[in-house]
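Shared between the two complexes below is chain A, which has chain B as its partner in the first and chain C in the second.
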Partner chain A sequence: MSASVERGADLTTPLASRRLARLRRFDLVGLAVTLITLAAAVLWAFPLYWGLVTTFKPEYEIVRPGVQLWPEHFTLENYLHVLLQTKIGLWYVNSLITSGAVTIIVVMMSAGAGYAISQLDFPGRRFFWWMILASFMVPVSALIVNHFILMSQFRLINTLAGVVGPQLVYGPVTVIIYKQFFDSVPKDFREAAVMDGSSELQLLFRIYLPMNWGVTTALAIITFIGAWNQFLWPFLAISSEDKMNITVGITQVHDAFGVSYGRDLAVAMLAAMPVAVIYLIFQRRVTQAIMLSAGIKG
Partner chain B sequence: MLRSKRSEYTTAAILMAPFVVIYGVLFVYPTVKMVQLSLTNAPLIGAGTWVGLDNYYRLASDRLFSVAVWNTVYFVILSVVPSTLVAMLVALGVNRLKGWTQSVVLAAFFLPYILPVSVVFRIWSWMFDKDFGIAQNAVQLFNNGQHLSIFRTIPLFMPAVAFVTVWWLLGFNVLLFIAGLRNISTEIYEAAGLDGASRWAQFTRITWPLVWPVTVLVFTINLILQLKIFDQVYLFANGGRVGATMVMVQYIYLAAFQVNKGGLAAAAAVVLFVLIVVLSVLQFQLLKARGAR
Partner chain C sequence: MAAKNGEAAAPHVELRRVTKRYGPVTAISDLSLAVDKGSFTALLGPSGCGKSTLLRMIAGLEPITAGQCFIDNLDVTDVPPAQRRIAMVFQSYALYPHMTVRQNIAFSLSVAGQPRKVQNERAQEVARILQLEPYLDRRPAELSGGQRQRVAIGRALVRKPEVFLFDEPLSNLDAKLRVQMRLELAKLHADLGTTMIYVTHDQTEAMTLADKIVVLDKGVISQVGSPLELYNAPANKFVAAFIGSPSMNFFPVDIAAINGRTASVVLPGGRTVEIDIATGAGARSAELGVRPEHLTVVDPKDPAATFAGAVAIIEHLGNSTILYVETAVGQLIVEGEGDLDAKSGQTVGLRLNQSHARLFGATGATL
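Moving on to the complex of A and B:
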């Protein structure tokens, strides 16, 4: 709007006409930048598209020279084969169980600890808060050796519980975020509920959690995606094929398929599907959670 | 009053307990044990005797460890610098778009970030496949028309893995930059535009000073993240000459799980641990200094 007003006034003076010229050039540069951005986006997404489209081609088409952007003979044979001939179903279930367990435990314990640190007064409150802030900086992957020793002492190596355990130490970030959100709940709510005779636990479940439902969803989604995508620890903790997570299974049991590009990629696409679908559905929540965990409230 | 104080303590104890137990058992205890283990000659599982700082001296003279450190640093440089710069450019471009175009374009850059590493590995093994990979069309141009096995050519290994990593993780950085750019009010640009400030002047005088702190944040987050590189390097190097492309976490893995030297592995882990904690403290100070200003 301001541009059109300006344009009207511009016609009267030479200075303004120079400005108009600049405005035109500005738009041309802007258009170029937009086109470059769009081209870059297409280029960036291309490997994903190429991987996906390859899975729908029969093998002879995959290895044919030349670039063929769409299958000539559309086939689901690659998917059928990996679904029927490999243990992918089992790996899926293992991934669902372990990622689900990590998500539930992390969210529950973080909500509790976040609430206690934010709203309750108890000895050691500041100590725990500083510990949590400090552990933000600690590299969990440096602990793999001792996690392995610890889990084998608990006899949890090569069990799903053993996969879950060490992943729970990613909790501190979630506690920090919960604490910040509980801090910003107005005190009036609390006082009113205390007058009505609510206990502290009731306050948490009736006021603080419901008021921050969005945060809980965001944190749950991102914790789940993170657990699903874990590679290093599930790779170390599990040795038998039946207990592998999907991310590990698809890289370790490669030879079982025989060499087939279509099947290798089909199994990868199946492994990616849950997180991709979650992201596409909850795009806003996922980006919100990522910014929160990077320390930017957005 | 006293009674309610006591009930408050009880509630706090109940709520804190799960976190404190898990944190203590799975984090504090392993960290202490790691330092202890690094001072012994124990195998992965089993007892060992105290050897003082021997494991650390051994690391200092172990050629493979220095290769691992060097490769890690090399990888960090190759991945962190481009991913910060490219992310800023992409964010500047994406930020100009409006409505659904912006969401779609952002999704195109962000989607790779949420994929598991093994999927990224599969996709790029296929892209670069020596016989049938589509990227070989580009490789041919630089290699006298010959196909080249990128991940089996040692000098190309780290740059190629860094390239794939930048592709994979860029979306995260783009997101942080966009958050930073959105904090700049459009009024500043309008005012600058009315004053006749050129596009370049607007960038250097308004955008850059305000985006600079985000750049520091993105750079340091990536730096700390990439020091822990393992997954991609392990997957792409598997079956090749692993020794030449060794990184630090991989050295820990090798020492602990393949040659069964728990003490040595723990010492390497302590080195990595200290390195990252020091960098994190520096980052924290840097960001705090910015916040105070």
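Moving on to the complex of A and C:
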């Protein structure tokens, strides 16, 4: 018996050391991965840092050759110019109105469409579902000309409504996500509510949507961020400075001497700020939403 | 079906020649059933027998392929569920997780556009009946299984329905709570006197709660009767086997002669016993069914011993003892007194209480 114990001890020692060695090897791999991701993070964040630092430099420092990681003469002139000499306040309001409208309408429409496709039995349901899936395959930029012609026929070019309109069809993914979530609501909830006398609208607004608030907030946030960041369509649809979005407004910040990098970057920073703030506040929800749209249920 | 002698005897809920098909599969086949006003009727059967489908058809959640459904003499076959004046308690309870107990209970009133004051009053009243008052502002996730069950009942109760439908409401509870809730349901039925239809696969629930049990097998009614009728006079082998725990013993026998209402049955081993029958003229062979409590353990050498065999397994339940005895006719289950002195492997004799034995013919029907 003692022999077997000894043999057991002999066996455990190499096993333990093997495990230790494996742990060490993992540690090395972990370290390497950490270093690579850190390098990638620096590489990714550097342009942001560079842009931010540039906004605090006077123009002559910006255009000077060489790399200057910190401003020699710290200035707020670029921000003051953008805030006081341009229509940035109006652009913010326009962005807020159009992005807000896009978010509300897209979320409501998607919830309704998702509910109908998931829960209602009507002729053509599968056809609609395939249409929505197929619309995924069409790149939005390929529709820009059609959108322009359509909006001009509606006489909506150069109006905020014209900015909002085509963006409502940008996101079939929200319909798909809602459908998936509504599909996963147990049938008993629906039947209990039907027995209680709920109409389909009551079912949607009192049962299905409140039971999926998390999805709605997540989808609303990414839709808002997406709409806020839109450039191509608002740029084409709007020509008067008073109706521009903040993203399009950036193109208007120049003076008689041509491009001013400091001011351009300052307005870009100000344009990105609300999105960055929203992201920081709702970080988890945004991650969840991105996972949802990638097909991974959070 | 209950006889119709004028209005007073008219059934409260009635299904007339109802059929339900899912594509090529027939779940319910030409079924007729009458449920009396104020009765507690249990739909009992194994899974897949169509009992839940039947309940859902009464509720209006499942369209009826052929036949009619009447509630209070009104044809409700095509009436939407909410207008049938019935309420249903689901197996999963289906409590809305985002609403408080109060909102859950008052949901149907709120959907119907009742003023907030009325909703609160009614919710309060129902909560008092079900002892849910301290939990009115909690959400379902903060409640225990039994409390959730009560909220589900409360949600049905608040609508003051004509008929309550229960779809296996106790199956998600642990054994102890199930017994307690069973009592509460019985009390609720006694207090309200409302017609209740209760689906279960648990014969104990059906036997203890219902005053009428409908046993279903493969979409057809096997037997309708009171719990004791089903237990003592099963219409066929299926009912005999399904009702009673431990279940009835069956073994094949030869019929030597039939004299009026008595059959002389030759047991394996040659002994002849007399069994009461109702029909069955001309039958040569049959299956004999004996309930475990109708077999008595005796000395193997006792001349009254019908069978002899070795005890394979013994289960002491305190108030009774269950023996599994290997005999010449196969394994027989025997229920004896709690203090029965027997050991595993011991040879015992079994005396048959022949007045309680039943004969089943080739089709399974009771002779």
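Note that the second predicted complex is superposed on the first by the 233 of 298 C-alpha atoms of A that agree within 3 Å, B and C clash if a C-alpha of one lies under 4 Å from a C-alpha of the other, contacts with A are read in each partner's own complex, and residues count from 1 in each chain.
We adopt the following convention: a residue touches a chain if its C-beta (ideal position, glycine included) is under 8 Å from a C-beta of that chain, and two chains touch if they have at least 3 such contacts.
Keep in mind that what you see is a predicted model, and the values were worked out from it rather than measured.
**Q** Pick one for A:Met195: touches chain B only (first), chain C only (second), both, or neither.
**A** After superposition on chain A, A:Met195 lies in contact with chain C alone.
**Q** For A:Ser141 in the superposed arrangement: first (chain B), second (chain C), both or neither?
**A** First partner only.
**Q** Determine, under the contact definition given at the top, whether A:Ala268 touches first (chain B), second (chain C), both, or neither.
**A** Once the two structures are laid over each other on A, A:Ala268 reaches chain B alone.
**Q** Applying the document's definition of touch, where does A:Val286 land relative to chain B and chain C: first, second, both, or neither?
**A** First partner only, chain B.
**Q** When the two structures are overlaid on chain A, which partner does A:Val53 contact: first (chain B), second (chain C), both, or neither?
**A** neither
**Q** With the two structures laid over each other on chain A, which partner does A:Ile97 touch: chain B (first), chain C (second), both, or neither?
**A** Neither chain B nor chain C is touched by A:Ile97.
**Q** Under the stated touch criterion, which partner chain does A:Tyr115 make contact with: chain B (first), chain C (second), both, or neither?
**A** first
**Q** In the superposed arrangement, does chain B or chain C reach more residues of chain A?
**A** B
**Q** In the superposed view, which residues of chain A touch chain B and also chain C?
**A** In the superposed arrangement, which is not itself an observed complex, chain A uses residues 199 for both chain B and chain C.
**Q** Could you pull out which chain A residues touch chain C in their complex?
**A** 186, 188-189, 191-199, 202, 206-207, 210-211, 213
**Q** Can you tell me which positions in chain A touch chain B when the two form their complex?
**A** Touching chain B from chain A are residues 2, 6, 19, 22, 26, 29-30, 33-34, 36-38, 40-42, 44-45, 47-48, 50-51, 54, 62-63, 67, 105, 108-110, 112-113, 115-117, 120-123, 125, 128, 131, 135-139, 141-150, 152, 165-166, 168-169, 171-172, 175, 199-201, 204, 225, 228-229, 231-232, 236, 246-248, 250-251, 261, 264-265, 267-269, 271-272, 275-276, 278-280, 283, 286-287, 290-291, 294-296, 298.
**Q** Using the touch rule from the top, collect the residues of chain B that touch chain A in their complex.
**A** Against chain A, chain B makes touches at 5, 7-9, 11-16, 18-20, 22-23, 25-27, 29-31, 33-34, 37, 44-45, 90, 92-94, 96-97, 101, 103-105, 107-112, 114-119, 121-127, 129, 131-132, 134, 137, 167, 170, 172, 175-176, 179-180, 182, 190, 194, 196, 198-199, 217, 221, 224, 227-228, 230-231, 235, 238, 249, 252-253, 256-257, 262, 265-266, 269-270, 272-273, 276-277, 280-281, 284, 287.
**Q** Mind pulling up the chain C residues that touch chain A in the complex?
**A** These residues of chain C touch chain A: 59-61, 80-83, 86-88, 90-92, 94, 96-98, 107-108, 111-112, 155, 159.
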